[in-house]
Amino acid sequence: MKRVKIAVIGASGYTGLELLRLLLTHPHAELVCVTSRQNAGRSIGELFPRFSGAEAASLSFIAPDADAVAASGAEVAFLALPHGVAASYATSLLDKGLRIVDLSADFRLDDPEVYKEFYDGEHPAPELLKEAVYGLPEVHREAIKGARLIAAPGCYPTSISLPLIPLLKQGLIEPQSIVTCAMSGVSGAGRKADLSIIFCETNESVRAYGVPKHRHLSEIEQELSKAAGETVVMSFTPHLVPVHNGICTTTSAMLKAGADPEQVQAALEAAYGEEYFVRLLGKGGCPDTKNVTGTNFVDIGWNYDPRTGRVLLLSAEDNLGKGAAGQAVQNFNLICQLPETAGLENF
Amino acid sequence: MKRVKIAVIGASGYTGLELLRLLLTHPHAELVCVTSRQNAGRSIGELFPRFSGAEAASLSFIAPDADAVAASGAEVAFLALPHGVAASYATSLLDKGLRIVDLSADFRLDDPEVYKEFYDGEHPAPELLKEAVYGLPEVHREAIKGARLIAAPGCYPTSISLPLIPLLKQGLIEPQSIVTCAMSGVSGAGRKADLSIIFCETNESVRAYGVPKHRHLSEIEQELSKAAGETVVMSFTPHLVPVHNGICTTTSAMLKAGADPEQVQAALEAAYGEEYFVRLLGKGGCPDTKNVTGTNFVDIGWNYDPRTGRVLLLSAEDNLGKGAAGQAVQNFNLICQLPETAGLENF
Amino acid sequence: MKRVKIAVIGASGYTGLELLRLLLTHPHAELVCVTSRQNAGRSIGELFPRFSGAEAASLSFIAPDADAVAASGAEVAFLALPHGVAASYATSLLDKGLRIVDLSADFRLDDPEVYKEFYDGEHPAPELLKEAVYGLPEVHREAIKGARLIAAPGCYPTSISLPLIPLLKQGLIEPQSIVTCAMSGVSGAGRKADLSIIFCETNESVRAYGVPKHRHLSEIEQELSKAAGETVVMSFTPHLVPVHNGICTTTSAMLKAGADPEQVQAALEAAYGEEYFVRLLGKGGCPDTKNVTGTNFVDIGWNYDPRTGRVLLLSAEDNLGKGAAGQAVQNFNLICQLPETAGLENF
Amino acid sequence: MKRVKIAVIGASGYTGLELLRLLLTHPHAELVCVTSRQNAGRSIGELFPRFSGAEAASLSFIAPDADAVAASGAEVAFLALPHGVAASYATSLLDKGLRIVDLSADFRLDDPEVYKEFYDGEHPAPELLKEAVYGLPEVHREAIKGARLIAAPGCYPTSISLPLIPLLKQGLIEPQSIVTCAMSGVSGAGRKADLSIIFCETNESVRAYGVPKHRHLSEIEQELSKAAGETVVMSFTPHLVPVHNGICTTTSAMLKAGADPEQVQAALEAAYGEEYFVRLLGKGGCPDTKNVTGTNFVDIGWNYDPRTGRVLLLSAEDNLGKGAAGQAVQNFNLICQLPETAGLENF
């Protein structure tokens, strides 16, 4: 059975951890290199006791040096690094012939000016933006297949844009009327020693944050604008809720005058009826994060409120799964011509 | 010190429990009667070990009979009963000279037709609707003071309407553009043996429910319409999140053309600057439920998104506190000419 | 690839759910029959949305009738039924030529008198007790391989007896000095509408229960007595803690006079050094349930307190995994001559 | 009404926070000084939004300087500081005429050698050890009343020693047979940015820690030895469980030959029958932390296992309440001749 040699760069955060979890059992992946600046020299099994029973548990973390990564024989590298840092590794590793699935924000935006506006700095490798493909397989599958550099979407963008894109493409909703609230598990805040996310500060706590201009808006609006054929500006409020992982997203938008609400179901089915990782719950369906955690599925339900004329789109995904590591593996499968669901058929 | 004799009708749910918790230490309340159909004969301390150290812990539950309640000498009765059931007790107990603070939905709506639409049945005591006062002290304080029958507002309505009312009164936002998402703790679903709320079904779970026409919309829109001077119809999506108590509410609405966003702060301050139980966090403030649980406070922050022209209103309250029992006690204080904060100054 | 046809009898509790989760992706199992009295006619995917993406999601639950189960072609049946009920299905299905992995307590005890003492009733099928094999593979592997009827151990018994058995066999600890405390996740209480396990009654709650004579003591003491070569009576206190799944067990026992504490490590290594599903953390290791949830691993650490002369044994497992469904699948693999880890290599 | 002027030194940890919560509403306490090295200059309400409605919310933290504390007019100082640091403040403040309730470990031990053994360093003020009174009011009430320096007991010691002391005093149990497991909420680990206690590392996790010689053993064994009239050495295993606050403790010990198990109940009643803060649940009672969180109560149940001859003692307290801040306030009330329950009658 074909096994592609893999490196995971920056493997000690929650996204990196979930990537390891998936790759350790992926039938077509062979983990040959993991890097972590802080944990160089320690093995996967030592640092993450959960994985100590895996075949690759004895693999040791090395410092994130591009030459060393290349020397490991890796053919594909996953970058689970902070934005700004990822770009330089991408450049070096592409030069050395590796293909890249980047989980940071560095290559998600087409326009370096938008990057600058949302990420407070010049884009570190603007020449690569043209080449990078936005890794949302249900929307950009064909482009992904041939790409060297994948920009895996953010967690909120995946859960927000998947339900909206078919409706915008078919002109069923008013593009400027979109209002989204989303609730994320605490793993979305990262694996770091930060007082605001210790157990006693987050348990029994619910709060909005990052308003009114969360960084993820940049890529969400970019993708929605493409779908709508016009510039979309929307309202998005993220919330932190006391679960480990999972994002629950609720979006409402005005049905366009003349549209029939039942067209919503038709549009979703046309777009996703054949998609394995998108599960349509139909009108009235209220997705629950507990049904998707640990998986690469996104569940989508919808409703229509004749009193307000608003369409309601409800989705649930795992922020570490379809929102990060799972989707990255899905992209990896595509660029390597592997079965798209390989390593992701778990429940 | 004056102590008013109190009965709590239906004291074995979470709202009843929180009422007991507050009343057991209220300096001006003397608990003389508690009823519970299922638990008649058992004492407060036996049924709720948490309260076994209280002076009134030995008081026994009786069956909810109006004559027996009156015979206890109670001057004020709190009704923590399901809608439809509360109305008949209210009628009987008013006849016997008690004043009533009703925590059900039975007397919140002015119009029995709206009750019928949202609560699936004829209103059980329409003649009392005119007399009942909607118990939101920050809005209806003077009317409350003289009332015999208080309809304490629902949990969602309190958290949603408090921030909106001043803005609608001053014409700062478009009344038909209101979109609200709210997240409630599981106690909002009641204290009952129901598979959908057992620990393993709610922990590590986030989900919307009750869409698109939650019953609470009836009273929210009623109060918002009064404030706006026109009929308000809005979008409201409640969510269940794994906390014991607390509601986090996020509302957005279009700023009216010509209005200055800074007027939002001015309007909130004019309305609530002197209100003890409303704490204004100002522009950029993101209230956190963990700061209000167990209290009668509601924390309110706001923001403005110039990209969309939307005002964002953020609030946090305890669904059992300001959203139910705390507010009921605040109303009780008002109708008995007690200090409004009596028994509610805890943190 | 050989696939064994499987039936799961009583598949709608948490143990049944975890069995389904494992079997849906087991490379050598083909789910052909699932039963549920309450949910007959509904499909797996309909009842458990988490599984709706699985190949077998469209399989419908049938009523638990032995003839119908046999007619499905099932070669092996897993029984996830209450004690007392399991025995009669076991009898019927064995008669029809199926092999049985029973997850109830019905066949765990050698002596029907002990069953009667701990389970309040005559044993329903005492003639099968001799044939049944206690399904703890690390202790009874060879007997399991040839068995028609496996009694999969209870959750607490697995986590308690695995660390103790090697020490008792080698005479390192005083058999009558064993004191165990264990903490279980709420799924151990079952998937049922019960007020005592709704979210608000279990979250932010820690409590002992079932003292001083939990039913699981019967099988624990049976197995420990075999290992010690004398009748062992021990103290065991279970606790309920607010996690979904996982059992953390802490046992202490007096080191025998003359024994060297370092022999503990040697005994554990001799017993489990080659066992895939037992991970030894060594002296000082404190296992954490979060490293084993969702898996079939049991992590074991130990310590020695020279002040008291007590050996401390610490273990962590998933009560639904190695404590129930995972171990049942491990037994299934053994009786079907499949690789012992098949379907269980997930992290 | 008499109000004693109070300082809280080190008020930004969870113990400090709970002290503030209690003192802000204490009818006989006037908070005049709060210190925090990191937060000097910020007000209580600013740092802890939960308290922003309190009368004293505008009081600003100052740096912890003994002269400044004395200048505030404080008559009593609570020290919520790390061990080692507390002693020097105690010395200075006693010199300036304040009385001290110290919540650290600095003055709990009679013997500086034991301090050195358990706390890795010379005792910083051994001359004060003789004067300090161990602040367990139910055991040392009279000595507390006249003390200038109170050493408030640790959280585990309170929950462990309260049930054991009467039994040891009456010679009902074997002093060398004591085995204790306890489970603590995460607030016991402090309010600090530490990776091991962030939400995703503690939620859905149960683990033992600090074995086999937790620091609290020093004071527990000291107090048990006094009660037993002989040197007691015991086994104690603490566990971390995902709740905010609360300690659940399970202790077992051999009933002495010739003793009748029913004497256990008699001994507990004789010791605590009149104690407001100790609630006896009787034989079979299993205390639940959720009934004591936020209060100063400790609930105690017990059992007897005739199979093993072991007495089981079960207790529940709030680690921040009776285990820290609540008990400190109880001590404060005693040294100031206030009603012992003042400020602590909340549920």
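In order of appearance the chains are A, B, C and D, and numbering begins at 1 in each one.
Going forward, contacts are C-beta pairs under 8 Å (C-beta built on N, C-alpha and C of every residue); 3 or more make two chains touch, one makes a residue touch a chain.
Being a predicted model, the structure only gives us computed values, none of them experimental.
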Hop count on the shortest chain-contact route linking chain B and chain C comes to 1
Greatest centre-to-centre gap (Cα means) from chain B is with chain C
Chain C to chain D, mean C-alpha position gap in Å, rounds to 39
Per the C-alpha centroid definition, the whole-Å distance linking chain A and chain C comes out as 37
In whole angstrom, the CA-centroid distance of chain A from chain D equals 46
For chain D, residue numbers touching 2 or more other chains are 185, 203-204, 242, 244, 288, 290
Within their complex, chain D touches chain C through residues 176, 179, 181, 183, 185, 201, 203-209, 211-213, 233-235, 237, 239, 241-244, 246-248, 250, 252, 286-290, 293, 303-305, 307-308, 310, 312, 314, 316
Note: in the complex, chain C contacts chain A through residues 21, 24-25, 49-54, 204, 276-277, 279, 281, 288, 290-292, 294-295, 297, 299, 345-347
Touching chain A in the complex, chain D uses residues 14, 185-187, 191-195, 197-200, 202-204, 242, 244
